[in-house]
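Here come two complexes built around subunit A, the first alongside subunit B, the second alongside subunit C.
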Partner chain A sequence: MIQVSGEFIAFFVVSCFVIGGAVFMIHLVRVVHMVLALAFSLLGIAGIYVLLNAEFLAVVQVLIYTGAVSILMLFGIMLTRHRDREEEGTRLWHSVISFVGVGALFGILIHTIYHTPFAGRTAEVEHYSTARLGETVFKKYVIPFEAVSVLLLVALVGAVILAGKERNT
Partner chain B sequence: MSGWTFLGPAVLLLVVLGFVTFSILFERKVIGWMQARIGPNRVGPWGLLQTVADIFKLLVKEDTVPAKADRPLFKAAPVIAFVPSFVILAVIPFSEGLVFADIGVGLLYYIAVSSITTIGILAGGWASNNKYALLGAMRSVAQMISYEIPLVMSVAGVVMAAGSLNLTAIVEAQEKVWFIVPQIIGFAVFFTASLAELNRTPFDLPEAESELVAGYHVEYSGFRFAFFMLTEYVYVFAMAALTTVLFLGGWNPLFGLDFIPPILWFALKFGLIVFSLIWIRATLPRIRMDQLMQLGWKVLLPLALFNIFLSAILKEVLSGLY
Partner chain C sequence: MMAVTSYLALGAILFCVGLFGVLTKRNAVMVLFCIELMLNAANINLVAFSKYGLHANQTGQVFTLFTITVAAAEAAVGVAILFALYRNRNTVKADRYDTMKG
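Right after this comes the complex of A and B.
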């Protein structure tokens, strides 16, 4: 019997958000609606982070994924507008084969998860604070952090150069 | 979990609605006064019930949906826009102990959740299926995104000085000196960027009634329109409260005048910010789109970055002052 606590109810509601958003994302036909459903799903994932006491991660999830990435996708869709709707009409055998494939993948995943022993100890997540996270990133892992930021900078400059090249020709 | 968990937010909602009602009246009165007019004076004594009448009008108006609009999205957009504006109020500490969610990353929470409203505005503009609405929404989003960056950067100085992202801790760090004094550049950048985030004059390009009719909510009427307006004014409330908390020392008294209760100090500073917002609206003309972008990227962002460097140096050199 599962203990019904506030946390359990919250987890249940948030999971419904995540899964519901994902199902709607696949099911809807208009691209803009899909992006909004996806944003909803990503917001739900932030809720799961909150339940796991990772409040910094949750807030960053909202800031980056729900805010920035969704807006970026919406902008891309609205400014290009090449095909507003997805075409309907998939063949029956196509759906059946897809269903079998997805079912097999699900089975393999569940099998692997249940047969993997989780080694190591569980961390005391209640005591992790944002300050400690910052100290770890900027002291212990400062070199990987800097490497990643340089990599992102290179990607940014590269994107600008590629876009500029396209405009000139 | 006591009764206040459920009752508190309801009381806050009533306070916010009351604020919105009377701040609109106050705004119209102050602008009237600054432009040598009288302002609303017909409904109730001193025009006090003008906004109440306006809201009643909006409530009983027909709720129209354009025939070619995307119906579900058109109806959902005001809700998507409004909900974050109220949710962010949870982390604002109004007085010592009077805060709904004292979370460690309160400041980031405010910034992150308020960015969801942009999705609502964009969805509303797009779902209206109207070129002015779409243009207004695009402008609004471009403006909000470009000004969010200097806004966050200007706050970094405050975070460095206070050593915390928690808003209560930031207020407590200002017991001796308010951050407006050491962080004056940060305050200037923050205040300018917050004006742009609130879509208020001189940055009210998304609404620019003379060129875009009314921007993203041109097709909205009645209660849905009221929701967009409500969102804007709730953000005024939230942003004024955040400015008070970050730079004006929250509930900390000035000159040791601590016989005035802390909540009143908060309200005074908050009122001052709201008044300056209205004052700026009555004084400055609207700026052009390209000027807006140049100001954001070429002036505010470098200034904010400079402020971060300055704060870091000051923190190292004058560690006693901070």
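Right after this comes the complex of A and C.
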């Protein structure tokens, strides 16, 4: 039995936002509306991070996902043919088979989650801070940090080359 | 106090919704965006275990930070590949990209 506390109410409301945005994304017809629903869902995930004492990650989530990635996807839709709608009914069997498969995976996941004995302990979250996160990144994980910066540079150059005009050879 | 199972269940629901979107959406941009949703579901699990895990510490948040960075790079390259495909095939329907179909 779960006691009703402030954290539980906040979790309930925020997860309703997140799941509602995702389900709306599945059911909407126009692609621009889908992107808006999914941006709403990603904003709710930032709220989940706040509940889990990860404030810096919440800010990063808002900046990267609800800001940058959503706008990138909107660019992707606007620069291609965006007046198209998702046609329904043409691939009914495909949808049914996908739904059954995903439902089976969901059942297995939920069964596993609720039958695994977790430790039930909570970390000392009062020591969690952005300063400690930064110290961990720049002292213990400095090599992966540099590797990720190189990866970002390579991805940027690769994206420019891929999306740029093709030269006649 | 909240149990870790609630957060894991939320992650599982989001992952399954994203997977269903990947399998059924025909617009390639939406397929990319559903993949981002699945990555976010994995991130929720990482952050939940950084608070409720057996040896819980802030390393889980560091890992999530790296995952977000790699996912952003993936989104940029994915949209660029999509532009190149759109220029060549003049469509964004994912089931029209069937040149390599036997």
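The criterion applied here is as follows: the second predicted complex is superposed on the first by the 143 of 169 C-alpha atoms of A that agree within 3 Å, B and C clash if a C-alpha of one lies under 4 Å from a C-alpha of the other, contacts with A are read in each partner's own complex, and residues count from 1 in each chain.
The working rule: a residue touches a chain if its C-beta (ideal position, glycine included) is under 8 Å from a C-beta of that chain, and two chains touch if they have at least 3 such contacts.
Please read all numbers here as calculations on a predicted model, not as lab measurements.
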item	value
Fit-or-clash call for subunit B and subunit C when the two complexes are aligned on subunit A	fit
Partner touching more residues of subunit A, whether subunit B or subunit C	C
Touched partner set for A:36, first subunit B, second subunit C, both or neither	first
First (subunit B), second (subunit C), both or neither touched by A:16	neither
Touched partner set for A:71, first subunit B, second subunit C, both or neither	first
Subunit B versus subunit C as contact partner of A:8, first or second or both or neither	second
First (subunit B), second (subunit C), both or neither touched by A:150	neither
Contacts of A:56 with subunit B and subunit C, given as first, second, both or neither	both
Touched partner set for A:80, first subunit B, second subunit C, both or neither	second
Nearest-approach distance, in Å, of subunit C Cα atoms to those of subunit B in the combined model	15
Contact residues of subunit A, present in both the subunit B and the subunit C interface	56, 60, 68, 75
Subunit A-facing residues of subunit B, complex	1, 70, 72-73, 103-105, 108-109, 111-113, 115-116, 118-119, 122-123, 126, 134, 138, 141, 145, 164-165
Touching residues (chain side subunit A, partner subunit B) in the complex	6, 30, 32-33, 36, 39, 43, 55-56, 59-60, 62-63, 66-68, 70-71, 74-75, 78, 129-131
Subunit A partner contacts - residues on subunit C that touch it in the complex	1-10, 12-21, 23-27, 29-30, 32-34, 36-37, 40, 43-44, 47-48, 50-54, 56-59, 61-62, 64-66, 68-77, 79-84, 86-87, 91-93
Touch list for subunit A against partner subunit C, complex	2-3, 5, 7-8, 11, 15, 18-19, 22-23, 25-26, 31, 34-35, 38, 41-42, 45, 48-49, 51-54, 56-57, 60-61, 64-65, 68-69, 72-73, 75-77, 79-81, 84, 86-87, 91, 94-95, 98-99, 101-103, 105-106, 109-110, 113-114, 118-123, 125, 128, 132-133, 136-137, 141, 144, 148, 151-152, 155-156, 158-160, 162-163, 166
